[in-house]
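Here come two complexes built around chain A, the first alongside chain B, the second alongside chain C.
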Partner chain A sequence: MSKGIIILANNTPEFDYASIAGICSDFIRANMKQFDEIAIMTDASTYKANKSKINSKFDRVIVTPESSSINVRIFKDTTSRSVKAEWKNLSRTTVYELSPYDETLVIDCDYFVMSNTLDQVWGSKSDFMINSSFVDLAGRMDERVMYVDEFTIPMYWATVFYFKKSDYCDTLFTLISHIKNNYQYYCFLYNCQSGMFRNDYVFSIALHILNGNVANNVPKLPIAFLNNSFDLDDIYKFNSLNEVIMMFAKKSNTTEYLLGKISNMDIHIMNKKAIMRHMKDLKKLTTKKVTA
Partner chain B sequence: MSKEIDKSVDAERLAKALHFSNTMQTFNLAKNNLKVKTQTLLSYSAYGGTFVISQEFIGFLNAVKSAGKKQAVILDKNETPIKIEDVADFLDNVLSVYFEVVNEYNNDYQKLKSSRKIEKILDIIV
Partner chain C sequence: MSKGYICIAQNTGDHDYLSMSYAMALSLKATQKINNVCLCVDADTRSLLTGKHYAVFDDIVNIPWHDDAQYHPSWKIHNKWKYAHMTPYTETIVLDSDVIFTENIDHWWTHLTKKDFLACTNVKTFRGENVTGDYYRKKFTELNLPNVYTNFMYFKQSELTYEITRMTEIIMTNWDVFYEKYLRGIGQNWMSADMAYALAIRILDVEDLTCDYHIKDVPTFVHMKSYIQNINIVKINSDWTKSLTSQLSDDLSVMIGNYRQETPVHYVEKHWMTEDKIAIYEKALGI
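Moving on to the complex of A and B:
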């Protein structure tokens, strides 16, 4: 049984996702041990512009066709700045058919693996695993499940998920593609809070339909919940490949910060501008690790 | 004159209280994130199942072992039935992960409790 990790990254004029994905792969290699390969799934233009960088960081490159439609969203960078930028997130639904592995773990490039907990997915009896619960590490929200809408279904986070080549996943991803192709209809049907295309919504709707249109108990990943740092937070410093000091926006006043150390635990850092600001230090840190 | 002195003393006390409040918020956040980390790490996967390690789970496994069962089918965290081929070995592994994680929690917590300054809590060199 081949075991592979796939990171998705498509560059936009505003964000260098390929570089972030390279860093993400360094974190995975430093903390997880039981996989065979790390692959990047990227579009042709990103690959062409970053060929040597990508080839040096990944065992395999899966090139996807350029997306014809562009998604635009607002990216916050703490409370003080925000930018409206492109977001190429349409290829995730094809990861099942493009994955060459028997078992695949899909990870977003802004998810920093700082523990070996996700190594526990390999050899699971579950065909598909994904989480709906999340924790806000800034402490502004308690552990909870977000909903596609207050009156509809729970939202699963497509940030990290695991699948096995199986009949169940074959059906699931066929349904996911169908929902993606008819997104406006399903978005209206499920009363999605935002009109913007979100993989989280597509996966949640597909899982709900596949369970016979009733609330479901989708197998969860070995991590109890997704550890989220939302885009109001900032990064203070990466100490090592398993420790970061964050500046968490306060609950009472989001323009003020509390410092918090996160170590030996995975973290999903949603403030991409903050990651980009620390790219130089991150590169130094990962090079040091490799040469050591 | 004495009223003015009182006022400055009050302002000083207030500043101290606010500074302390900030330290406490940082302390509580750190404590909470240690709990989150412990919860995340208290997980063990074997025989294709994933199990949440708790004191109750350890007690249950011990009861299975004490009943003389060498093999048993138990439910994992996703309610999937999993056949445990060697209950004694499985319990040993679960106990080992439990103590490893909880001892780390204890070390981090003691360090946090004895720190009075934010820089010390976070190991930041200023």
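Moving on to the complex of A and C:
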């Protein structure tokens, strides 16, 4: 049984996702041990422009066709800045057919693996695992589950998920593709709050339908929730490949921050500008680790 | 040992409880193998019965003694202590008129039959989540009353059942006295069957015999009061049908807000049950 991790990264004019994915891969290699390969799934233009960098960081490159449609969303960088930028997120639904592995763990490039917990997915009895629960590390949100809309189904986070080549996943990803291809209809049916294409919504709808339109009990990842740092937070410093000090925007006043140290625990850092600001330090950190 | 369901229908000026009971009975016949159903009526409602009612209800019983609800034109719950006297069955599940069955729950009887009396103490949202809010039950919380829902309540002919029935009768027929003595404070001051049975269970100190808080799924039902749906109460209309889509399909599945309903549904809003929906049930049963 081959076991691979796939990171998705498609560069846009605003964000160098390929570099972020390279860092993500370094964190995985430093903390997880029980996989065979790390692959990047990227579009042809990103690969062409970053070939040597990508080849040096990944065991395998899966090149996808350029997306014909462009998604645009607002990216916040703390409360002080925001930018409307492209977001190429349409290829995730094809990861099942493109994965060469028997077991695949898909990880967003802004998900920093700082523990070996996700190694527990390999050999799972579950064909598919994903989380709907999350913790807002800044404590601004008390909720543990977000809904696609308050009147409809809970949202699963397609940030990290595990799948096995199986009949169940064949059906699930066929349905996912169907929903993606008829997104406006399903968006209307499920009252999706954002008109923007979101993989989280597509996965949530597919899981709900496949479960017979009743309450879901989808197997969860080894840590049953995502540790989310939302984009109002900032990064203060990465101490090591297992520790980061974050600046969490306060609930009472989001222009003020609380320092919080996250150690030996995976973290989903949504402020991509903050990651890019720390790219130089991160590269030094990962190089040091490799040299050591 | 006979098993069956019982329901009181007393029409008011505002609501046609007979039609709702008829719809409930149709849904019961269409989905359950154990589907005996007894309708309890007052004289006025009995005069409205037609052939279709006699065809669907296995037993039709006159509410005995006098009609305790006769001076309450719009809120007729005052005869609800009489279930144990009215039922023709050895084992009975009490239902409200505005309940429908969506899937087979015959297997619940296996669990229920272990008890002499078992009240439903856990209800669900349309998403199938356990209801945790007490928006409509402040007094239950304040007085730590047994969290009883009589919309789905089991009893068998037994000493315990008649003790509870007798105490509920005393409470319902002397509501003001019991309210003053036991129930003053925040929350509702009007009589409800849930509160009367809860108080009877408390006074008799039989909560451990009649309530099982550890088992959340039997018995239970989807309770469609708006403000317990785990939706921000600012966003949902007090009439849930104005905020959530719903449908009864030809295969008799009930969808509410993208969720297929698996347990009985207490739809609360009486206008939800329409002639069209009743026609769907009748067609499915060949009536």
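Assume the second predicted complex is superposed on the first by the 291 of 292 C-alpha atoms of A that agree within 3 Å, B and C clash if a C-alpha of one lies under 4 Å from a C-alpha of the other, contacts with A are read in each partner's own complex, and residues count from 1 in each chain.
To be clear about the criterion, a contact is a pair of C-beta atoms (placed from the backbone, for glycine too) under 8 Å apart; a residue touches a chain by one contact, two chains touch by 3 or more.
The shown structure was predicted, so the numbers you read here are calculated from the model rather than taken from an experiment.
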- [ ] Report for A:262: first if it touches chain B alone, second if chain C alone, otherwise both or neither.
- [x] first
TODO: Would you sort A:135 into first (chain B), second (chain C), both or neither based on which partner it touches?
DONE: first
- [ ] Decide which partner touches more residues of chain A, taking chain B and chain C as the two options.
- [x] B
- [ ] Answer with first, second, both or neither: which of chain B and chain C does A:223 touch in the superposed model?
- [x] first
- [ ] For A:215, decide between first (touching chain B), second (touching chain C), both and neither.
- [x] second
Open item on the list: After the superposition on A, what does A:250 contact: first (chain B), second (chain C), both or neither?
Closed with: first
- [ ] Spell out the residues on chain A that touch chain B in their complex, using ranges where they run on.
- [x] 115, 117, 120-121, 123-126, 129, 135, 137-139, 217, 219-220, 222-225, 227, 239, 245, 248, 250, 258-266
Open item on the list: Applying the document's contact rule, which stretches of chain B touch chain A when the two form their complex?
Closed with: 22, 25-26, 28-30, 32-33, 36-37, 39-41, 43-45, 48-50, 52, 77-80, 82, 104, 118, 121-124
TODO: In the complex, go through chain A and note every residue touching chain C.
DONE: 150-154, 189-190, 208, 212-215
- [ ] In the complex, go through chain C and note every residue touching chain A.
- [x] 127-129, 231-232, 235-236, 243-244, 255, 257-260, 262
